[in-house]
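Naming follows writing order (A, B, C and D), and every chain is counted from residue 1.
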Amino acid sequence: MTKKIAIIGATGYTGSELVRLLTYHPEVEIVSITSETRKGEKFSDVHPQFLGICDLKLESINDLDKHDPDIVFLALPHGVSMDFVSKNHDKGYTIIDLSGDFRLNDKATYEEWYKKDHIFEQGFENAVYGLPELYRDQIKGSKLIANPGCFPTASILTMLPLAIEQVIETSNIIVDAKTGVTGAGIKASNVTHFPNVNDNFTAYGVSTHRHTIEIQERMTDCSSTDVSLLFTPHLLPVDRGILATVYLKPKGKTSQSTIDKLYQKHYENEPFVRYRHTIPQIKQVRGTNFCDVTAKYDSRTHTIIAIGAIDNLVKGAAGQAIQNMNIALGFSETLGLHQVPLQP
Amino acid sequence: MTKKIAIIGATGYTGSELVRLLTYHPEVEIVSITSETRKGEKFSDVHPQFLGICDLKLESINDLDKHDPDIVFLALPHGVSMDFVSKNHDKGYTIIDLSGDFRLNDKATYEEWYKKDHIFEQGFENAVYGLPELYRDQIKGSKLIANPGCFPTASILTMLPLAIEQVIETSNIIVDAKTGVTGAGIKASNVTHFPNVNDNFTAYGVSTHRHTIEIQERMTDCSSTDVSLLFTPHLLPVDRGILATVYLKPKGKTSQSTIDKLYQKHYENEPFVRYRHTIPQIKQVRGTNFCDVTAKYDSRTHTIIAIGAIDNLVKGAAGQAIQNMNIALGFSETLGLHQVPLQP
Amino acid sequence: MTKKIAIIGATGYTGSELVRLLTYHPEVEIVSITSETRKGEKFSDVHPQFLGICDLKLESINDLDKHDPDIVFLALPHGVSMDFVSKNHDKGYTIIDLSGDFRLNDKATYEEWYKKDHIFEQGFENAVYGLPELYRDQIKGSKLIANPGCFPTASILTMLPLAIEQVIETSNIIVDAKTGVTGAGIKASNVTHFPNVNDNFTAYGVSTHRHTIEIQERMTDCSSTDVSLLFTPHLLPVDRGILATVYLKPKGKTSQSTIDKLYQKHYENEPFVRYRHTIPQIKQVRGTNFCDVTAKYDSRTHTIIAIGAIDNLVKGAAGQAIQNMNIALGFSETLGLHQVPLQP
Amino acid sequence: MTKKIAIIGATGYTGSELVRLLTYHPEVEIVSITSETRKGEKFSDVHPQFLGICDLKLESINDLDKHDPDIVFLALPHGVSMDFVSKNHDKGYTIIDLSGDFRLNDKATYEEWYKKDHIFEQGFENAVYGLPELYRDQIKGSKLIANPGCFPTASILTMLPLAIEQVIETSNIIVDAKTGVTGAGIKASNVTHFPNVNDNFTAYGVSTHRHTIEIQERMTDCSSTDVSLLFTPHLLPVDRGILATVYLKPKGKTSQSTIDKLYQKHYENEPFVRYRHTIPQIKQVRGTNFCDVTAKYDSRTHTIIAIGAIDNLVKGAAGQAIQNMNIALGFSETLGLHQVPLQP
């Protein structure tokens, strides 16, 4: 039976990607898309590419309950999500929150890195971190799923097998990541002004980016050791895509074939992770839920260079949210997510 | 019952787009993809984005007949297509030729504009021009479909209602068109070298581009008048997309609402043409079979500025070919072609 | 003796380009750069690329007179410029206004196209239109120079010899122009948001762009006939550059060599116009004051396709302003303007 | 007195950048530009942006001696340069070689990393490594200058003060570098095909790039300790520019202000290195000989993240070559190198 979906927050990229991908899904129906600023307008007025594809009228969040949804996606800024969750967490539907409000371990860490009070501490306990490759069993039946950040998804999947198998030093991991501009959202700003991005490249948020702690907490959890991790994001003159280059020290002797086998073992049954022998390219996953990964051992410096690529709006946001929905609802995990990369 | 598809010529963009789009098609199976230069390799070796999606082994064209295909797509250069057609036109399957070999009215015109001998004159008579919006009835049951060029598709659809209704002067039509780089094919050259394209823009093929005569012949046919048409292509620093800006003189008095009604009448039942009141943008059709069109009347100079946008690899090539296949085989015309534009 | 220069309005692209180019000028000194919003900060705080090159402290416009400047460049929005001019037109210095406030023939036309009252009608009489290739003699000694718009500069220079020689029909000229994003200014907006521009292309301001009337008035003046002209701008995913493709009907018989000779005659002594036999490319003039032009005769349709390229921030703004300054002050016209195109 | 310059190898980007920059130099004259494949043509036929700026006729290398040059720039591929040097090293002129043939310490290391025999071992002894910030005194009067590679220039300058002061662990330095496409040269290839680069990003040459050993040797030399260094290059969808992100471990306790002072001390008198408090951006040095650098201390992980940006064709090639020429000839070091960054 078709499941009823609501999307809270229609005007951003996360909202439009959810609609784009759900259009391909055979077992769900979007019953409501909300926007407080644009309510009454059509979804295709806000996102003109949807003309004739999704012309639903945008509603207020206040009309949500009358639709009796099965799943509610929160495509809201952090800080706003927690407010919704605090009021609606026991309504019966499953909430998949695409913001950062429930991804961390606890309120104190959240407040330190997000420089913001958290008003719903109980959520940290309720929420499961929605990375299927790591927490698939916990996602089943969960009522509150914290959908991972884009950088954490790319970074964690790039090194996950090494961490789980405990074959790397965890005291000194370096993640050098590069993202497309959609990571900064749909709102125009100096940072996203075309002449400031085009033919340009720079780093930002050095030492202070919130995704640092999100990655570090998950790595600590899956490796059962305290991880110390440095994360440096950079801004690429592209629309979509994250490439994470991760530098890791093997604990003892290792070899390329050992590493290959370890990744293959962990990923051979994962529908969306492709372990490759060629170097991942962001365009080879564009528009899809794939995460392409490779890992190379440099014997000269005894270092593993692991490289992973995702589409930040799909595996890094809306696609992973739908993958989580499929798991939570008991659908086949890949339903609606068979897009082919748009390359070129 | 599933139909059997063969794709002749796997290494170019037309080939990879056919595979991409056919992946979404529920009623067909790709039984053979051929490449003489890469045979024996996997399709995903040539186009790495397909890893895990299409890993078919590439075959020689000599193995085609044993698959007993229902449809054969020719993704070959012009000049090579005619050779295939001359040898295989009576094999029983329907041929959809994506090259320019059978699009024009006759051998003499072909040889003048293509600077090349044509070896299969009979093909001009057999072939139907595969623009469904103009020749849908003839496409049904055809055994040889000449899939339109990318610029002609965009240009013709942008002005088609005006031509059919005979409300414009046909002596002096100007088409100023702009295309993405994939229009030049997958083969690297000076023209497509990144530092020659990026942050650059220029015109090319001024007065001499082969698509000029293709557009002019179709416009003459549908308007039942001799058309004289000037076509100027330009190269955009983008991957995909054509925007055609067409300048036309109305025969007598007209108005914006007259023009709007005329386009709406002609296009309201067309599944892939979206008549818009906003100006089309190439990114709003990216990856899809849509053609977005608008027409604006400038009363000050008594001119209609009609603007249309397509994805040159989809509505301008592989998507339209599949639309033609659907018509030829009696499928629903939109089967497998419900992609949502990848914007951003 | 070194001349003293002031730049009013430092925060935009016009301001930063004036500083960039004047850095190369041996005979002038920048004595003041003003900004009401950023005064007190250094110029290199606003434009960090100037660190160590121009670290002047920004001043208020109220401090201008104490510097006793010889030339004042107005890098202000239209509407603001006229206010400055109305108050300061008799201060003795030459004003070069880079806005549109004094480019048109009269107040009525301005108010029709700019949808704004004009408060200084006398300026229309005082001002000379600063296109040296057309009004060099009038620029000498002028006290108020209306620096041409970017599109008008490219469009007029592309067809000027044909107009002056009166060899074209003037009733039906079509200018299809394409510009880089810096034409929209330094202020971030939806239009300039990277994911809305990158890999995209569209038209805008169809029928209504203010540069239409500016081009038409100058063409009427130089051809001594009423000109009716249609102008359609498009937005390119590039930083800088305008390419104008102009369609013109020759009055009688003509030929390629006739047209070549005519352009060569008019442009052989122009230091910044390069008549080319190859098609101009915007990157071949990037960062420079050149305008590259070609003209091709299409005998099949009896049409001239004239194509011109400029850097919209240089020949289309700051560079031409400095060229005008050189003429006004009696310097060699090319002083400080010997930049080599940045290609690639 | 004007010095006579010859450029061997005119068709590539290094050749065209040398001509571009030397156009601004008041004390030299280009007496010969050679190209064996295009000899007899004009320089502006090969690089059309130079029309009217440099229309010199290209010569054969065999005509070089008759010009009696003072300086000869070799803009040749590695392997070809060594051949020229072996034959002409005692001709009296100074040779500035922009290839990699004489940058390393010795023949054995060269042959290991370049997979090629070296035919002129004596050159390793004769050549000085042309990084003025490190070897200024040795460059004066040198007859053979090995102009540094683009990645080494960016990487070394980013960490040089830390190495000289011996405040970092040298056993485990990580350089994550990103370059524009011009780094791959002017020759079209799959790697530089626009649809393979645009909206894409990837790493290449992981563990094996030749610049690894070049950086490591110089770091070893200036820090007087054995350095072990890992270098990973990535390809950006931009024309020009390298950004190097370098991860270093301080030996003992340190602080942001200690690091700032150390960089300021080393770079305050360097005309082309700008130590910044903001993060360098490649567009802020575009077209210029600047290297912008910052260094940030992350106390949480006790790591220094040093970031540097150059234009790979200027400070990474032709600009640094001219800086070396100025030093070798006794000119002011900045002569002809006062370009302002082209931003936007």
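The rule we apply is simple: contacts are C-beta pairs under 8 Å (C-beta built on N, C-alpha and C of every residue); 3 or more make two chains touch, one makes a residue touch a chain.
For clarity, every value in this text was computed on a predicted model and none was experimentally measured.
Engineer: If each hop has to land on a touching chain, what is the smallest number of hops from chain A to chain D?
Structural biologist: 1
Engineer: Which chain lies the greatest distance away from chain A when centres are computed from Cα atoms alone?
Structural biologist: The chain farthest from chain A, judged by C-alpha centres, is C.
Engineer: Using mean CA coordinates as chain centres, what's the chain A-chain B distance in Å?
Structural biologist: Whole-Å distance between the two chain centres: 37.
Engineer: Approximately how many whole Å separate the CA-defined centres of chain B and chain D?
Structural biologist: Roughly 46 Å, centre to centre.
Engineer: Roughly how many whole angstrom separate the Cα centroids of chain B and chain C?
Structural biologist: The answer is 39 Å.
Engineer: Quick check: what residues of chain B touch more than one other chain, meaning two or more?
Structural biologist: Touching at least two other chains: 13, 182, 195, 198-199, 237-240, 281, 283, 286, 344.
Engineer: State the interface residues of chain B toward chain A in the complex, per the touch definition above.
Structural biologist: Residue list for chain B touching chain A: 13, 16, 20, 23-24, 47-53, 182, 198-199, 239-240, 274, 276, 278, 281, 283-287, 292, 313, 338, 340-344.
Engineer: Residues of chain A touching chain C in their complex?
Structural biologist: It comes out as residues 13, 181-182, 186-190, 192-195, 197-199, 237-239.
Engineer: Spell out the part of chain A that touches chain D in their complex, as residue ranges.
Structural biologist: Listed in rising order, the residues of chain A that touch chain D are 172, 174, 176, 178, 180, 195-196, 198-204, 206-207, 228-230, 232, 234, 236-241, 243, 245, 247, 279-283, 286, 296, 298, 300-301, 303, 305, 307, 309, 344.
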